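Structure below; questions to follow.
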Amino acid sequence: MTTTLTPPPTRTPNAFAHGLGTFLRARETGILIALVLVVLVTTVKNPNFIFSADGWRDLLLTPSILVLVAVGQAIVIITRSVDLSVGSILGLTAYLTGRLFLDLQGIPIIVVFLAGIVFGGLLGVINGMLVAYAKVPALVITLGTLYAYRGINVLWAGSDRINASDMPKDFLALGTGSILSIPLLTIIALVVLIVAAWYMKNIRGGREFYAIGSDPAAAELYGLKVTKRIIIAFIASGALSGLAGVLYAARYGTINSQAGSGFELDAVGAAVIGGVAIFGGSGTVWGAAIGAVLLLTINRALPIIGVPDFWQRAVVGVLIIGAIVLDRLLALRQSRKLLEAREYSDD
Amino acid sequence: MTISPSTTGSPALELRDVAKSFGSVVALRSGTLALHSNSIHALVGENGAGKSTLVKIIAGLYQRDAGIFTLEGQPVDFKSTAESKAAGIAVIYQEPTLFPDLSVTENVFMGRQPTGRFGRIDRKAMRTEVVGLFKRLGVRIDPDRPAEGLSIADQQIIEIAKAISLDAKVLVMDEPTAALSGVEVDRLFAVARSLRDEGRALLFISHRFDEVFDLCDTITVMRDGEYISTDAIADTNVDEIVRRMVGRDVTDLFPKQEAAIGGVLLEVTGLRSAGVFNDISFQVHAGEIVALAGLVGAGRSEVARAIFGVDPYDGGSATIDGKRIPPRNPSAAMGLGLALVPEDRRKQGLVLDSSVSRNITMAIQRQLAKLGLITSGIENASAQIWASRLEVKASALDTVAGTLSGGNQQKVVLGKWLATDPRVLIIDEPTRGIDVGTKSEVHRLLSELAGQGMGILMISSELPEVLGMADRVLVMREGRITAEIDRANATSETVMFAATHATEQHS
Amino acid sequence: MTDTTTDPRTAETVRSYKNYSQPLWRRVLFTREAAIIGLLIVVIIVAAASVKNFGTPITMTYLLLDVAPILLIALPMTLVIITGEIDLSVASVVGLSSVLLGILHQAGLPIEVAGLIALVAGALGGALNGFLVTVVGLPSLAVTIGTLALYRGLAVGLLGTTAVTDFPEFWTDLAKAKIGETGIPVIMIPFVVLAIVFAIVLHFTPFGRGVFSIGLSSEAATFSGVNVNRTKFILFVLTGTVSALAGIYYTLRFGSARGDNATGLELSVIAAVLLGGVSIFGGRGAIHGVIAGVLLIGVLASALRLANVTSDVINIITGVLLVLSVVSTSFLAWLQKKRLRPGGIKRAGISAAKV
Amino acid sequence: ATGCASNGSTSDSSEGGDSGSGDANLSITFLPKNLGNPYFDTSDAGGQKAVESFGGTFAEVGPAEASPDAQVSYINTLTQQGVGGIVVSANDPKAICDALNEARDAGVKVVTFDSDTNPECRDIFVNQADSAGIAQVQVDLIAEQIGDAGEIAILSAAANATNQNEWIDLMKEELAASHPNITVVDTVYGDDDDQTSFDKTAALLQTHPNLKGIVSPTTVGIAAAARYLQTSDFKGKVALTGLGTPNQMRDYVEDGTVTAFALWNPADLGYLSAFAAKALIEGTITGAEGDTFDAGDLGEYTVGADGVVLLGDPFVFDADNIGDFDF
């Protein structure tokens, strides 16, 4: 009887070893290693990739906006939905940001940020309600709102363009400035990422996203509030896309009606590459964030490594497919291991 | 009706004349049940008697159509499982429902994790509690592994741990032991008894009478959705209970015709699949009905699926008339004259959203096609024949199959496979969830088919059905055939003994 | 003995069933397809009456020329979506086949051979999608997001900044030619042939029945002897091939092979297919509805353009129409369920939103 | 949105030809590469001013994204509407050809501006400056700014843009011929998209640490590149020039990020194109070499070889003169 149950190893003595083990087994590890490799190889080829003020800054800055959108996307995908309208939401809020500065001279920057987040969240609510109440697949709904939101944007903006000179210098500085050589935008993205990761890992609500994505029927048996959670996931995605839109305005300085178009594929791509299962239930926002950084860093590294401009999309495609195939193989290996473990325990 | 001596005062939970229908299927006519603190109450009844439905009403998953439901004297009306949980009711469902991607620990605590500051989930506390629970249940499952890939037994244990950890006043267990082995069952019983002694009310559902008589204080019998009786365990015996469960002379139900047994049709030799079944060998002759009996989870369905080619297997072979049935190719098996009526008719047997006529002709599309083309007219003509032969109760041939009652759905599946004109029919749980009248119709049909020279392999968990229909009974236990019993020697004792005991009864 | 038991039964109780529970007109009129066709007719009538120049025959010519690639790709896409899968890489295959046609022709191959190779390349592209979905077992959404980038990347990479424009006049003229005096473009001939083939395959063959079964319940289909993986693989290959055909048409019509040809076309195709009544969950849809869906979007765009409505409003209308069409389906389904289950009994099963 | 109002009247007046001289159909529609591009906003505004000055009806339509197939749909629509003239900047020299020819067969006059099609598909091409001149001025500017030696890179628009590619080729020839110490190390494509151009600039500067200058012969590209440079360490170290509009570039010239850049006046380009269309519609000219027509405030212009009308030499903007312009 004493042999049947070996007490679990006490964790304190070798917490580090345990942590290391968890890290090495995590799905995100592979993708992180890939990222480090890309950065290393590129840096060896051209040290400026990291070791110049701009190189360092761009390494951190360029992916920050996509990181925000990818975090929201990851939350939605983890609950077994998908949000294709993020690019359109980003574009709309970016334009809203410009308009606010133009039409309400002297508006405090913080108010603009809040307005962007709230507006994005509202667009997310529309998605969430349609998906959760009408029980219609998220893919179709958000494909529809992808068109509709973008159309509204074009209708609103026309061929109007917001230029850097239309927005306050302080605001634009947020897009490029840095503290202790870490760009502000990156800090914002990191804060959001850490909060989201913490929530997804340590708060009941966060775990329920995973539960719903893992098995929606079981979630209902457990008495989880499935509808509410799905709507919240879409609000999160919308609000983060809204925040990303405000930051987009700060970073790029010029906004027209097409800002952020095509972002949805990058965001879904980042999440999938980062190990978020497209059928929900597993993956982390960390993974999605690393996926976003990898995606954009590859984009920047390919010309330095010597891949010509025109071939870069093909390489990105191969990398996406490679990542999901790898993920699948790892999952298969895992489930084989579990099956073997069962056979042993049966003996 | 006598009240158990161990229960005094008002019941902790009471249901009276509770009814529930699903469309035209009446699952529960008059469910009556009273659970008392300090007591373990057994609920028994045939398959489809309405036990699980009753459980789901208690859990708040279903809402009753009529009747009274009180908790400690107060009428309650649960709208969701969250409400019943909050009211102190823990439920172990018949089918384990875990989140495959989440860890075992998380599965136990989902939705009610212990939290510390800032609402942070206290993982340490969670893990400690799970380890304690598993120790109490005497199982070795890594609390940190994902639920994905766990065996049914392990999943069932996690369900049990989950329910126990709720620390509920009322604990409902719907066939928790169906997949468990002796050791685990003993542990479970020890825990159940200690819970009883702490003053809780427990409900225990099982088809294993030894367990029921070992554990419980009181027993309620249900039949066809109706309450039959409640007795103190000490005042009754197994024979009495079975008589009440079945409620009629069993032999009347099974109009077995004598058929001439011919040569070997289906021959299975040394079939094995790692972790599922091992060394399966048997034969089915023309005109013969062979029953494959055993407890749920013994692996009978897996054997059937492997023979038919839906599941892969690791070794061995199956032949029809000496011709090898190629693995993983159901359409080739169909070509050789094999038909499989699968156990889960709603998922595997039918395309629920498709019409009756499409479903009936689904397995014979290629035969029906003229010049490679097929039309609704051709399908309807063929479906007409089988629907009327089996007397499917449907208003028209384009009625959506999912809207039919369970028994009629089963008839459609039968029709679909009989239409292929098979030589060998494997039929998995032919009458699960079917009402009594339909049941005997199905049995008569099986008899008739055997009489016409078809070889039938019938998988069934219903003992009376096995005993009433089979020319020969094969018993499976934990993935192996443990006994072969001919009609003359087949009794409930011999079959159940082989299904539950490791040592083989017959040499 | 057998006689006595069977005879009376068949004589007494032989039941006969109506083939259909509803009269023909109800079955034809009360469908998504009929609704879309009706809407199409209404839009055409309203546009002809209120939009200047819409009534002219040339409108139809331009309209059909414009929507021809979408019409073509929508055919196999319909089948793919009915099995419950999706292919987002079609527009990239259009681009790739366009580029292949261009560079191979430029390299001196006769255009017929170049076209054939482009078709084969499209089939191979579809086969890669199919392989990853059926053999490796990946979700088609993720796979085709990847191949969307890959095929487009190959197209852009192969041709770089240049565009190949020197195609034989015979072929470029043919791509725009009209059938006699009718004003109907010649491209409609292969389209109609393909549409008939696809309609027959989907609606009148065992293969088509299998496609529907897979979409409704791939498990039940497997248990009935339908080869699920082979069916899906074939459909992905077909989609790739027809997309390549659309790419060839596209190239010849504009006389220009470019890497970025038809960017974003996948969304138009999917939007049109869904509008045409195909369920994204799989298992339901019809070719005629899809054709009406494509034409509806095309007619709306054409009429609105003629009425000087800007492209953004056209996009909003497309998006809203798409959302409304799916929401209305599930709303109708919900109503029907309510009617079928009187007494307000709660849904038996547990359903939750899926992707 | 603006198109609705003005075009409503197009349809009304297209048949009658009520305005302008005689019964000519002076409804002229501008079809830029895409809407929402400030360069075309300016040129089309110039066109509108011209059309209104001679009493025609002006309209502007176009796709949201610069693609030839979308332009074809619009050309077809305009043909059906029976406008008098189309003034178009081509997204592809060949792809829109047939549509334009059909329009011409239907009696619509076609003027290309900014980016030409093949000559046989239009009546007149109004060239902002001849390509050699454009290439020359940019080469001169960059050579001067980097001291006639070192690495430079080019940030272009779409990879298929006809005019861009032609200029780039000519610039390379000119550099090879007259500035042997300057090497073009890279050409990247920002697709006339702010974000892409911005990110490509960043990548360029990383990839080529010794870069001395960037030439961006597109207004979107030069503005995005300037915005990147402004906030980077490379400000003042890497020279930037190319083609840009004064309003977009004002900040950067004033703070020294950019010393000088060139452009013709896009408003004049649109203005001239509108008058060319008018002359064609009225039958004053046919597009043959040697034809002359009146272009309002700009004076008289002569059609050159291949039906090309040249606006003039590009103008160089710098800190001293940028304050004089507002477009």
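Of note:
In order of appearance the chains are A, B, C and D, and numbering begins at 1 in each one.
The rule is simple: contacts are C-beta pairs under 8 Å (C-beta built on N, C-alpha and C of every residue); 3 or more make two chains touch, one makes a residue touch a chain.
As the structure is a computational prediction, the values presented were derived from the model and not from experiment.
The chains touching chain A as well as chain D are C.
Chains that touch both chain A and chain C are the following: B, D. Centroids built from CA atoms put chain B at 44 Å from chain A. Separation between the centroids of chain C and chain D, computed from CA atoms only, is 39 Å.
Centroids of chain B and chain D (each the mean of its C-alpha atoms) stand 75 Å apart. Residue positions of chain C with contacts to 2 or more other chains are 156, 160, 259, 310-312, 315. Each of residues 154-155, 217, 219-221, 257, 310 in chain A touches at least two other chains. Of all residues in chain D, those that touch two or more other chains are 1, 35, 64-65, 159, 189.
If touching chains are joined by edges, the resulting network of the protein chains shown has some other shape, matching none of path, cycle, star or complete graph. Going by the touch rule set out above, the chain pairs that meet are A-B, A-C, A-D, B-C, C-D. For chain B in complex with chain A, the touching residues are 60-61, 80-83, 85, 93, 97-102, 106, 110-113, 115, 119-121, 127, 131, 134-135, 138-140, 143, 145-146, 148-151, 154, 274-275.
Contact residues of chain A toward chain D in the complex are 46, 48-49, 52-55, 57-58, 62, 154-155, 157-161, 163-165, 176, 248, 252-259, 261, 299-300, 303-304, 309-310. Residues of chain C that touch chain A in their complex: 86, 132, 136-139, 141-143, 145-154, 156-157, 159-160, 259, 267, 270-271, 274, 280-281, 310-320, 322-323, 326-327, 329-331, 350-355.
On chain C, the positions that touch chain B within their shared complex are 2, 5-6, 10, 13-21, 200, 204-206, 209-210, 212-213, 216-217, 219-227, 283-284, 340-341, 343, 345-346, 348. Chain B makes touch with chain C in their complex at residues 21-23, 62-63, 65, 308, 310, 330-331, 333-334, 340, 342, 347-354, 357-358, 362-363, 365-366, 368-369, 372-376, 380, 383-384, 387-389, 391-392, 394-399, 403, 416, 448, 451-452.
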